[in-house]
Every structure is written in structure tokens, then in C-alpha cells.
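To keep things clear, I will list the structure first and then write my remarks on it.
The first chain written gets the first letter, and so on, giving A, B, C and D; residue counts start at 1 in each chain.
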Amino acid sequence: MNVGLEHYLVVSALLFALGLLGVITRRNLIVMYMSLELMLNSANLALVSFSRFNDNLNGQVMVFFIITVAAAEVAVGLALIVALYRKRQSAHVEDLTSMKL
Amino acid sequence: MKLEALPWILLFLPLCAAGIITLFTLRSQKLSAGLSIGAIVSGFVLAIALIKSGGWEAREFSLNWLSIGNLNVDFGLRLDALSLMMLLIVTGVGSVIHIYSYGYMHEDEGFSRFFACLSLFTFSMLGIVLANNFLQLFIFWELVGVSSYLLIGFWFDKASAADASKKAFLTNRIGDFGFMLGILTVFAVVGSLNFAVIQEQFKANPALMGGSATLAGLLIFCGAMGKSAQFPLHVWLPDAMEGPTPVSALIHAATMVAAGVYMLCRVVFLFTPEALTVISWIGGFTALLAALIAVQQNDIKRILAYSTLSQLGYMVMAVGLGGAGAAMFHLTTHAFFKALLFLGAGSVIHAMHHEQDIWKMGALRKKMPVTFWTFLVGTLALCGVPPFSGFYSKDAILAQAWHAHNYPLFVIAVSVAVLTAFYMFRLFFVVWVGDVRSAEAGHAHESPGVMIWPLRALVVLALFGGVLGINEIFAAQFSAAEHAEASEHGLTLLQRIAEPFTNAPVAAGIGIIATLIGFLTARGLYATAKSDPLTSKLGWMSRAMANRFYFDEIYEATVIRIHDLAGTISNWIDSWIIEGLCIGVVRGGTDLTGRALRLVQTGNLQTYAFLFVLGVAVVLWLTLGK
Amino acid sequence: MTTLTLIFALPLLAAVLLAFIPRNFAVVMRLVALVTTFITMLLAVKMFWNFDCAAADNDGYKFVATIPWLGSHALGIVCRLGVDGLNVGLVLMGAIVAFAAACCSAEIKSREKEFYILLLVMTGGILGAFASLDLFFFYFFHELALVPTFIMIGVWGRGEKRNFAAFQITLYLSIGALLTLVGLIDLYLQVPAEIRTFDIPSLTRFFVEHPMALASQSFIFPLLLFGFGVLVSLWPFHSWAPLGYGSAPTATAMLHAGVLKKFGLYGLLRVVIPFMPQSAQHWMPILAWLSLGNILYVGWVAMKQKNLNLLIGNSSVAHMGMIFLGIATLNLVGVTGAVVIMIAHGFLAALTFGLSGYIHSQTGTLEMSELGGLAKKMRFVGVAFVMAAMAGCGLPGFLNFVGEATVFFGAWARPGLRLVTVLAVWGALIVGAVYMLRAVRATLHGPLPEKWGRLPDAVLWRKLPYAVLLASLFLFGFAPKLLTDKIKPVTQQIVDMANAQEIATQAATVPSPVTGVSTNGTKPAPGGVKESGK
Amino acid sequence: MSLEISVVALGLIVLLADLWLPAERKRMLGYSAAAALLLLFLNTFTSHCSCSLAEGPDNMTSAGMFIQDGLAVFFKRFFLLAAVLVLVMAVEFSDRIGAGVSEYYSLIVFALAGMLFAASANDFVMLFAAIELITITFYVLTSFQRGRVRSLEAGVKYLILGALSSAFMVYGIALIWGTTGKFNFQELAQVAGKFAANRVFLFGVVFFLVGLGFKIAAFPFQMWTPDVYEGAPTPTTAFLAVGSKATGFVLLLRFLFTAIPDVAMHWNKLLIIVSGITILYGNLCALPQRNLKRILGYSSIAHAGYVLLGVAALTTAGESAVLYYLAGYLFTVLAAFAVIALVMRHLNSEDLAGLAGLNQRSPLLAATLTLAMVSLAGIPPLAGFFGKFLLLKAVIEQGPANHGYYCLAFTALAGVIISLYYYFGVIRAIYWSKETPDLSPIEISKPMKMAVCFCMAGMFYLGLFPGALINYAAQVVKSLK
């Protein structure tokens, strides 16, 4: 079987969908956040495979940006979640509804 | 002073008086009365001066008041025999009544206001008389209405007076509604509002209006029906007696109610034969109806009011029969003797401390001799006893009916004459003769000189008004329309006295007999009566008459109720359908949508994320899902 | 600064000035407001006096002034002011009513600073709207009054429903205003991009030369008609008015009912009808029937009111019907009459609301069941109120009569409107009299309840506003030519534009005028009239 | 790029200065930062600045990633001005932030730097970096009041949904780049037409727009707005409402009209629907609301919808209307939030009842908030009216071509009417309400007073003298094509 661009893209799309599913089904903030990282990485996979098959290295540059940004985001995000956990002793989304309507 | 200025001064003097009284002299009774009386007396003098200087020739003075496109309205004064004679009546009788009021209203706290209103009324009435076009006539027509409103409601803190004034104004307005439409109809065809222009156009082309002529005539007649209180708009006049008695004399006997008849005479050229027939029958019917009602009234002023109604019906009938001159003649004499009667009644009421029930009076003859004699003259004049003025004018009308071969109306007119004599002598016997029936009647005494002298002045007119040649002046005015009496210009006094018998002896004879019948019946029944013997004799008929044939109730049940219903329905629709349903539903619906929509904002991240993704899906479907 | 600029700028400048006066100087505020409005009124009178119909320049507009630093030249929005016969009377009326309103504000006893600022903003706004020769600013200035109205009703208003009334009047008026805005923008976009402008004279010239496409007309016309209609409380969009006026403080009701409401009518005459003649021909009969909704229906509603202010409010709505009918005639006589009523009603509404405001300030209630016999105690107010009521039911001597009669004549000249006219005459003469007399009977006449035994009549300076308003009504009522001679040339122009198409098609298809009384009332030639009679 | 460098440097300086400054002088730090930004703002008007328009369209640096055209300059001035005012507000707010006030100031400056970069972004890479700089900074800014659960909750919500939108955006960029091979907007524009029917490309475009839609809070990506607006510290909310939203719009304009103009031309239907629903959603949800900041949150959704009117028109008139509207929105919203920050200082929640008696407590603030509401409602003579006028004009102008635009215009009108109810509800709360107010006067610092007055002046200026800005905006949008 010849693995082509489409295969990579399908995998990337599946990863994206998986991450999305995780975000909308899991209740734990940490897990949701992990799923989001998965989605970012699916984009990375798509970029890298496009870069490889189109013979254009620019995409891989973008991937580095994304990884860096993701790292920063995780740093801030986890700190935030931890701060909230300290306050409320919970990381579940149901407990995060003091503001609504 | 230039001659052109005279009529303007004549017209505006009372207005100035009214304005000055309202603005400055409300506190000073003497000054107010002086201004008001001065204005009308000088008006009388000016009117005489006008006649002296220009005779009875027709002439006009006018300024342009409003001009938009083809709508040209002048503010004009038309002087001719009709208006000059009317000027004399209004200012002459008016002067007398003004002076009388000075005595009658002396103790009233609204004294100055009363004279302001009187002057306003005089101004409006003079405006009607002098108007040279329809719109101006309408303007003063309305002003007369409002001054009558103010005067009827003079004692506005009395609920009945306030209600009566309202009723009078509204009833008049119904007539004005027709009048306005009539004016519009005429203007739409003729393109002018000026009487002279319209008359000329009609002369040139009698079929000018085509099919709408009768309608237009009747619509205009509606105005007269309101103001001259013709059936079915007659209901306001008896109630209008809530006003002070001088007002009843001036407005609701001598002048204002005559305005309708005056207006009919002014535009008599407009009416088609069909319209005239309707007019004559309405007049005749009103005359009969009012006379019948008068028979069973017990309030002295109301009896006179119904009598006024009845006489106005006479005049309208005369116009309808083609006798505008006769109508105006009767209008003139009626102004004299009816004012006299009202002022006499006022004197009685004054003496009786505002007691108006005739069955509480009696034997006043000795207590108030001057009033008694003057009242007697008025009664005789009204009943048409020769040689009093009423005889001549009433005979002119009877003769008109006779000449027109309209025998049904002639019969009506004669029966009215019988009834008139009957109810007037009923009043006469009950009030002046018989026994003293109440304490007030016992203590009554003669009124002061300022009230007595006007009575004396009017007596003269009521006595001799019929033989002064007034009818000839009017006849000359209408000679274009009626050829009958054109030749009789310049009769001697003797000829005038005998004129009814030479002109239509049958009518004159029947008239005298009718009066006699009425007198004898009344004497038989009332000369010594303690209470009304007719009430039991007539049974339900009497009740119906006393209740004025239930006209007020009929109106209550129809016109008023319908408007009330329309008001209720509209108000209901307004507050429930428009305000409640339409606005409420939109308002509530929006609010509910908002409340429902924001339920989406659960505060739960999961929901938000889910909706986010759903949103993406929808957007994708929108852009790619084709 | 020309007179006209001053007239509209003075109140606004005074409002800014007031903002810097400390709030405890209530007397100073009142004085500033009075003096400003008084000067404005004098200027307006002077302008009216100097207005010369004959001098023709600037497309017939006089006192033209431009305020260059407002607006955007790139979009063709230039603040240009000017008056012709149509709005010179309105500006005069507005200025007089504003002065009267300032006088009647003595009843305000709290937060005077805000009140007078808002009052002056309102005044400046509406005078600016009338004086504006630019459609954008015409709209812009009118909207200045929206917020003041809301706050004034809310803070100084009366009655339990004032909250609802404040919101209702605001939302309702905004609906009307926004519909109008869309219409005006679309109108503006009808002009090719290079010469786009909001300048009314330029637009007039443009639309005379290039009649608007029918498709555009049929979209814009109803928008503007109903947009303006809502602002004027056209039936069935009227319900904001009585409640709003009933709840508003006196001065607000006076200004709003008297002056502000005329904005929509002015717009109809200035913009809607002349620019879109075919649609006008199509819609006017409908408008005539709707006007009956105002005259009769609202008149009946007024008959049933128990609160004096609601009655007056409804009557003011009913009077709008007469103006609509006048406009719907599309002939010189009727339209001129409509303009006359616009001015007359301005004085009248201010007068009635001012008087009812005085009664309210003395008795604390306007429920008619509680009042009665007040004429005994308040002579002057009583007399003035009776006069106002009489003017309200179209009594001659007052300006209202001139307008109403003229409208009747105009409407009668359109054979299609005869039935409407009959009903309108009934509404004006009978229904109008019924509720007006009812008000007089219930408040002034009848026995005086004991609790009102010590009510004071208006003192001299409180009589002033009523006297000024009455004098205006009388003056023009006696000499209507002062107004009509100024109005006529403009309405003639409007009517000519509105009927241009009709005249053209008639001339093209029917060579000789055998149709009798022509539908346009500009000049029903006597010849034509006579032929119809045969 | 000197401007951006100066701003980043300023942020660093603020961070460093914190180390030496005693606690009581930290107020000065915020004011100094504001003053420095103000100087930078004024400097953009001098001719020897890199922001000068005269330099022409070929002024690109960093291999075409960074563009300094009229649009960029316009928005840079916009962001600078917003940052100045927000910083002043932040100083006033500092007593409620607790520890790390200087970091708060510096984060605002860093977010500003991100916005400045975004305004000049001409390339997906630059754009992504700039957006993430803004977003991540805002995560921190939002949750800065660590002692308040609401602040943290708002931060987490913004974090998760922001990251989600970033993921979509990144994936979209990946797909766009994958199909076209271009990161640069100008280059993309040349080839985009060929891909108009390519589903993968369109997928990418939609995903990318999702990310921008989240920034501007357009339906259906608006869910976060009210919660985050309510929970975040007031200066953050203000900056979010003005800066972050405007960033979204400048990128949207650039992307739609510079990068994929040929594709965008066919998307009017989508834009019309999104714009209309956004307006209605925001306004309807705000109706029953009593919390002032939440009201402004919903209203900010509605305003995103209004601004989208200009985008949906797809004309230069629409684009310049967008710029004008945003400029007016800047003054209006900042004024509103400034008042909220001052009035609600000691209150736990921003309930409308807290406004009771404001008229007596501080006439200046009452007038400011009233005018802000009036301007938001779009009533003359304030900025909001003229902005709405321009937007409506742009939309109606397109009406004859596509009747959907008429429907959109009427939807917008319906939205305005609905919005009047709650905006005027705020006015009502200020001037008359049943609650018994505490009548303690409100103290306002001089700089805050100046800021508030400046906002008011701005609202009036844009409402009364629109000529200058209209011309400027019209000239600016020329650089989009």
C-alpha cells in the first residue's frame, strides 16, 4: 500500500475529531485541555505532511510556531486550572457555573 | 368719518367691549356694564345712521381674509334691507335687554363676565347679520353658538346649567355639521362663497347644481334646524332656559334662534321646490309639536321656550311656503313681544326669588302692576289679537299658506294658533289671576325701574310693530323672488292696519277665531283652577306632553347611546387589542424570546464547546453544503 | 451667525452653559432657560416678520446659513439652515411653545439642573430639525429629543405608569425614526454616487429633473410614510401618545405634543410627497382613510377617558387626523390647510397641556371624577381652558378653525374623498366637541368639591405662557393671511410636484379637460367646473 | 517596526521597574506606562515615524510578513489609544487586583504589542503569533484577580474556548496552506480564485474564520462573551471588548479582502445570516439582564453583529464604515467600563441597582454612562449614531443587488429597537429607581477624570464632526485592495 498525502490527512482529521470529541464529552478540565492539545497537534501533522508532499518547508516553520505557542498556552492554562482547583477543590466543568444566563 | 367705516365700527364695538371687560374691568361692575351697554346702544345709533345715510340699498364692504388657490374668503359686510332691519332688531332689542340685565343681574358675582359674554354674543350676532359669504356666516354662526354656550352655562356651578349648555352646543353642532357639508357642496359647484355671486350664478343658470341642489339646500337647512331649534334638533332650547332670564330673552327668543330663519331668508334662492316643501313641513310640524308640549309645562320660562319653538316653526314654515318676507316680518314682531314676555317673566322670577313654577304663583296682578300690563300686551301680541303686532305677522304667514293653496299646512297653522292662545292664557290666568298659592307669591313686589323701563319700551314695539311697514321693507328685499307684494310699496297707516283683511280675509278671520277659541278654552279651564285640570283629563297624553314627547329619552337611547357605544368599543379596542394584544404580544414575545434564548448560556463549558462545534458544523453546511 | 443659526444654537449653547453651573443655583438655571427661550422667541418673531415671500434666491429659502464644521462634505452632509414659507411658521411656533414650556416648568422642584438642560436640548433639537435644509441634520436634530423625553418622563413624570410610558414612547418613536432613517438613506442613494447629497433643495431639483424609479418609490414611500406616521401617531400607531403625554411633565408634553410631533408631518410634506409623486398618488387615499382612524376612532377613545391628560392626549392624536386628511388631498387648499393646522395645533397642544399641568400642580390629580367646578376658583385658568377647548373643537377665531375649514374645502374638491370628508366633518364638529366639552364640564363646571375650596388662580407671571399661546392662536386666527400667504407658494410647489405626473399624463392622453373637477386641486379651472354641471 | 519594538520594550521596562519601585509608587508606574504609550500614539502622527502613510504600499518588512499600510496604521493608533485609556483605568482598579499590579500593567502592554503586530500581519504565521500573544496574555489578564472565583472561572472558560478556537484556526491555516502553498496574503490572493471550488481549501477558510469569529464574538461563537466579560477584572473586560474585538475585525478585513477577495465575494449570504443572527442574539439575551457587565457582554455580541454589517456589504463603503464604527465604539465602551470600574468599586456584583443615585453621587459619571448608553444605542449626536448610519448606508446601498441586504438592514433596526430597552434601562437605573441609593460622593482621580472626559469628547467629536475620520477611513480602506 502506497501511503499518500490523503492517508496522512485522514489521520490528522481523525486526530482532530478525536480531540474535538474529547473536548465536548469529557468533564475534567485537564482532560479537556489535553484534547485541545491533541487538536493542535493534528494541525501540526497536517502541516508537516503537506510540507513533505508539496515539497515546501514553510509549513514546518509554522509547526515550530505552533509548538511554541502551545507550550506557552499549556503553561498558562495549567497554572490557571491549578489555581482554580485550589480555590474550589474541583476541576470539573459542572462546578464552573457561577456565572450563567 | 368715512361712511365705509361705520359698519365695521358697528360690528367690532361689542367685541372691543367684550375684550376690554375680560382683560381689564372684571372687578368694576359699573364700568363693565357701561362698556357693554354703550357698545350696543351706539350700535343701534350707528344702525340708524346707516339707514339714514344709505337707505335700504344693497351694498358691500369687504376685505380679503383668506385666499388659497380657488378658495377665496372675504371678510365682508353686506348691507341691504334684510341685514339692516335685522341690525335694528338685534341692536334695538339688544339694547333694551342689556339695560334690563343691569338690574336683573345686579347681585350676581359674575356680573362683569355676564356683560362680557353678552357683548361677545352681540358681536357674533351682528357678524351673522352682516356676513356676505357662507364661510363668514359659518364663523359667526359658531361664535353665536359658543356665546350661547357660555351664557346658558353662566351659572356653571349648577350641574343642570352646565349640562344644558353642553347640550345646546352639541345639538347646534349637529346642525352645523350639515351646514358645513352644505357649504362645501355649494362651493364645489359654484366656486364661490359670496352670496351675491352665488345668487347671480343661480339667476343665470337655475339648474346650476343639478341633482345635488335639493341635497345642498337641505344640508344648509340643517344649520338652521340647529340654531332655530327645529324638529328634530329642538331639544336644546327648553333646557337652555337654565341661563339667566335676560339671556333667554335676548338669545333664545329674540335674536340667536332667529338666526336660522334669517339665514334661510338670506340664501332662499338656493332652495329647490322639493327642499322648500321639506322645510315647510318641518316648520309646521315643529310649530304643532312645540305648541302641544307647551300646553302641559309648568315652568314659566319653559312655556315661553316652547312657545318660541312653536313660533320659529311658524317662520320656517313660512320660508318653506315661499314667504321669506312674511317669515322675517314675524321674526321681527316675535323678537319684540317674545323679548317682552321673557323680560316680564324675568321680572316675575326676580320677584319670586327665582321660583319658576307657575303653580306657585298666582294673583300677582296686584303686586306687580306694570309687569302685569306689559305681560298682557305681550300675550295678546303672541296670540295674534288685532291690532297687536303679532296679529299682522301671523296673518301674513297664514295668508301665505292660504295663497299657496297648501291647506294641510294652513290647518296646522290654525291649530297652532288655537294652542298658542290656549297655553298663553293658561299661563296668564295661573300666574296673574286666581289665588296666591305660595309664600313667595304673597311677598312679591314690583321690580326696580331699570327693569321696568325696558318693558315699557318693548310694549310700544309689541303694540305697533305690526303697522310700521316692516313687512314692506322685507317684501322689497325679496321682490326678486316673490312678485306678489312688490307693488304695495308706500301704504298709508290706515291701509297697513287694514291690510290683513284686504289681502286674505279668510285667513285673517280664521286666525282671529282660532285665537278666540284658545282664549275661551283657557279661561274656562284655568280662570279659577288650583291645579291643572287637564292633567287628569288627558291622561297619558298629558304625561307625554309634560315629558316633551320623550324626545330627550329617544335621543338618550339612540344618538347618545350610539356614540357612547362607539366610544366604549374604541376604547376597548385601544386598550385591549392595540395596546394589549398588538403591543403586548410584541413586547412580551420579545421578552420571552430573550429569556428563552439566554437559557442557552448555561455557564457550563461543555455546553459552550458543544454549541461551538455545532456552530462550526452549521457554518460549514451553509458554505459548502450545496 | 445669522438669525436662524442663533435661533437653533442658542438653546443648545445655553444647555452647555447650564452644565457648568453648580446644581444649587436653581433660580439661575431657571432664569437662564427663560431668558434663552425668550430671546429665541423674539428672534423667531423677528425672522417671521422679516420673512419676505417675494425675494427669490436659494431656491426660495431665506436666512440661509451654513455651519461648515458640522457634518461631512464627502458624504454630502452639510449643516445648512434656511426657511421658506413651510417651516418659517413652524420655527416660530416652536420657539413660542419653547418659551411657554420654560415658563410652565416652575412646577419642577427637584433636580432643576438636569431638567433645564434636557429642556433646552429638546428645544434646540427640534428648532434645528425644522430649520435644517439637510435631510441628515433634519433627522439628526429631531433625534436629540429622544433621550430628554425619556429621562423627563421617568424622573419628573407623573402617574404609576410613567415607567411604562417612558419606555413605550421611546421605543415607539425609535421605530418610527429608524424606519424613516432607512427611507432617507435609500432616498439619498437614489442619486448617482458622484453628486450624492442630503441637501433638500438639491434633491428637490434632482428629483424634478430625474423622477425616481417606480420600484424605488414603492419601497421608500411606505417606509417614510409609516416611519413619519409613527412619529405623528398615525392610527393605528398612536397608542404611545396619550399615555406618554399623560405621564410627562408639563413642559415635555407641551414641547412634544406641540412641536416635536410636527416633525413627521413636515417630513411628509417636505420630502415624501414631492419626491415620490406616483407613490403619493397611490397611497394618499389610503392615508385619508387612516386619518379617519385618528379623527373618529381616537376621538371616541378620547370621549371615554377618565383622566384629563389622557383625554387631551387623545384629542391631540385626533387632531393629527385632520392634518393627515389635508395632506392626503394633494391639492393646494388641503395641503395649505394641513400646514395651518400643524402650526395651530402646536399652540393648542402646548396650551392645553400647560393648563392641565397647572391644574395638576395645584390639585395633584387629573382624574376628572375628583375635579369639578374649578372655574370658580381659577378664573383665568378656567377661561383659558375653555378657550383651549373651544379651539380644540374648531371654533372660529382660533387658528385651528382656519386650518380645519381649509382642509375640508380641499378634501371636498377630491370627489374620491367625499365620504371621508363627511365623516371627518362629523368627527371634527361633533366628536371633537363632545370630548372637549366633557373635559370642561368635568373639571371646570359643576359644583366645586370642598377640598378644592382654597385653590389659587395663576399668578401674573404664570399666566404669561398661556396668554402668549392664546394670543398667537387669536392673532393668526383673525388674520390667517399672515400665515397662508407665506405657506401658499411652497405648498403650491409641493402639490405641483406631487401632481406632475398626473398633469403630464392627462395632457398626453386627454387633450381637452372634460373630466370635470380635476383630481389635482391646484386650479380647478372654472371652465372645467361649469362643464361638469351641465 | 520601531513602534512594536518600543512597546515590547516598554512592557519589559515596566516589569523590571517593578523590582525597584516601592509599593506605594506603583500607581505612578501605570501612569508612566500610559504616558509613554500616549507619546507613542502622538508620535504616529509625526512624519518621521514609521507609521506614516507616505511610505506607500511597498513598505513591507520581514519578507512580506509585516505590512505597514494605512489600515495597519489606523488600527495601531486605535490600539494605542485604547491601551492608554485602559491603563489609566487599570491604575484606578489596582486596589482590587491585589498582588502583581505591575505585571498587570505590563501584560496590558504585551497584549497591545500583540494587537500592533496583528494590525500589520500580512501572513498566516505572523497572524498566528500575534493572535496567540494576545490570547494568552488575556488568559492571564482575565484571571488576574486570583482571589475571586469568578475571575478564575472566567479565565478558564476563556482558556478552553480560546484554545478550541485556536485549534480550529490552526487547522484551517494548515488546510489553506496545504492546498495553496501560500502563507502570504498577497500571494494567496493571486491564486485563491483558482481554489474557489476546492472543498479542502474552503474547509480551511471556514475553520480559519471560526477562529476570527471567536475573537469578535460573532454568532455562533459568542458563548464565552457574557461569562468572561462578567468575571474578568473591569479593565481587562474593557480591553477585551475594544482591543481584542478590533483585532478580530482588522484580521477579518485583511483576510477577506486582501487574501481571498475572489472567494469572499460569494460569501455575502453567510455574512448576512451571521451578522443578522448575531445582532438579534446579543440584543435579545441582554433584555432580561440585570448585571451591567453582562449587559455589556451581550451588547458587545450585538455590536459585533453591527460591525459585521459593514463587512457583509463587501464594499469599500462598508469597510470604512467598519473602521468608523469601531472608532466610535472605542470611546463609548471605554467610557462605560470606566464608569463601571469607578461606581461598582465596592460592590460584589455589578447589578444595575448599584447605579441608583449615581446622578447625585457624581453627575459627571452619570452623564458619561448615559451618553455611552445613548451612543451604544445609536442615537444622535454621538459617535454610535454616525457609525450605524454609515453601516446602514453601506448595507442599503447593496440592497438593489441583493434583497437580503434589505432584510439585514431591517434586522439591524429590530436589534436597535430591542437594544434601546436595556440601554435605556441603564439610564433609568441612573436617574430614577426604587432602590434607595447610598449617596456618598464618588472620588475620581485626575487622570481618570481626564480619561472619562476624553472619551466623552471622542463620542461627541465623532458624532458631530465625522468629516475628518470619514475621509481618513475612506483613504485607509483603499490599501485593502
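Annotations
FYI, a residue touches a chain if its C-beta (ideal position, glycine included) is under 8 Å from a C-beta of that chain, and two chains touch if they have at least 3 such contacts.
A quick note: this is a predicted structure, and the numbers were derived from the prediction, not measured.
When each chain is reduced to the mean of its CA atoms, the one lying nearest the mean of all protein CA atoms is C. With chains reduced to the mean position of their C-alpha atoms, the one farthest from chain D is B.
Remark: among chain pairs A-B and B-D, B-D carries the greater number of C-beta contacts.
In terms of their C-alpha centroids, the spacing between chain A and chain B amounts to 96 Å. Centroids of chain B and chain D (each the mean of its C-alpha atoms) stand 77 Å apart. Once the centre of each chain is set as its mean CA position, chain B and chain C turn out to be 36 Å apart. A separation of 26 Å divides the Cα centre of chain A from that of chain D. Multi-chain contact residues of chain A (touching two or more other chains): 23, 29, 32, 96, 98-101. Residues of chain C in contact with two or more other chains: none. In chain D, the residues that touch at least two other chains are 156-157, 160, 164, 168, 226-227, 289.
Applying the touch definition to every pair of chains gives A-B, A-D, B-C, B-D, C-D.
Chain contact summary for the complex, chain D toward chain B: residues 156-157, 160-161, 164-165, 168, 199, 202-203, 206-207, 209-210, 214, 219-221, 223-224, 226-227, 267, 269-270, 273-274, 281, 283-289, 418.
Considering their complex, residues 598-599, 601-606, 609-610, 613 of chain B touch chain A.
Those residues of chain C that touch chain B in the shared complex are 168, 236, 239, 297-298, 300-301, 303-305, 331-333, 336-337, 373, 375-376, 379, 383, 386, 390, 393, 395-397, 401-402, 405-406, 408-410, 412-413, 421-422, 425-426, 429-431, 433-434, 437-438, 441, 444-448, 480-481, 484-485, 488, 492, 517, 521-524, 526, 529, 533. Remark: chain D residues 359, 363, 367, 370, 374, 379-381, 385, 389, 392-393, 396-397, 399, 409-410, 413, 416-417, 420-421, 424, 427-428, 431-432, 464-467, 470-471, 474 touch chain C in the complex. Residue ranges on chain A touching chain D, taken from their complex, read 9, 12, 16, 19, 23, 29, 32-33, 36, 39-40, 42-44, 46-47, 50, 54, 56, 58-59, 61-62, 65-66, 69, 72-73, 76-77, 80-81, 83-84, 87-88, 96, 98-101.
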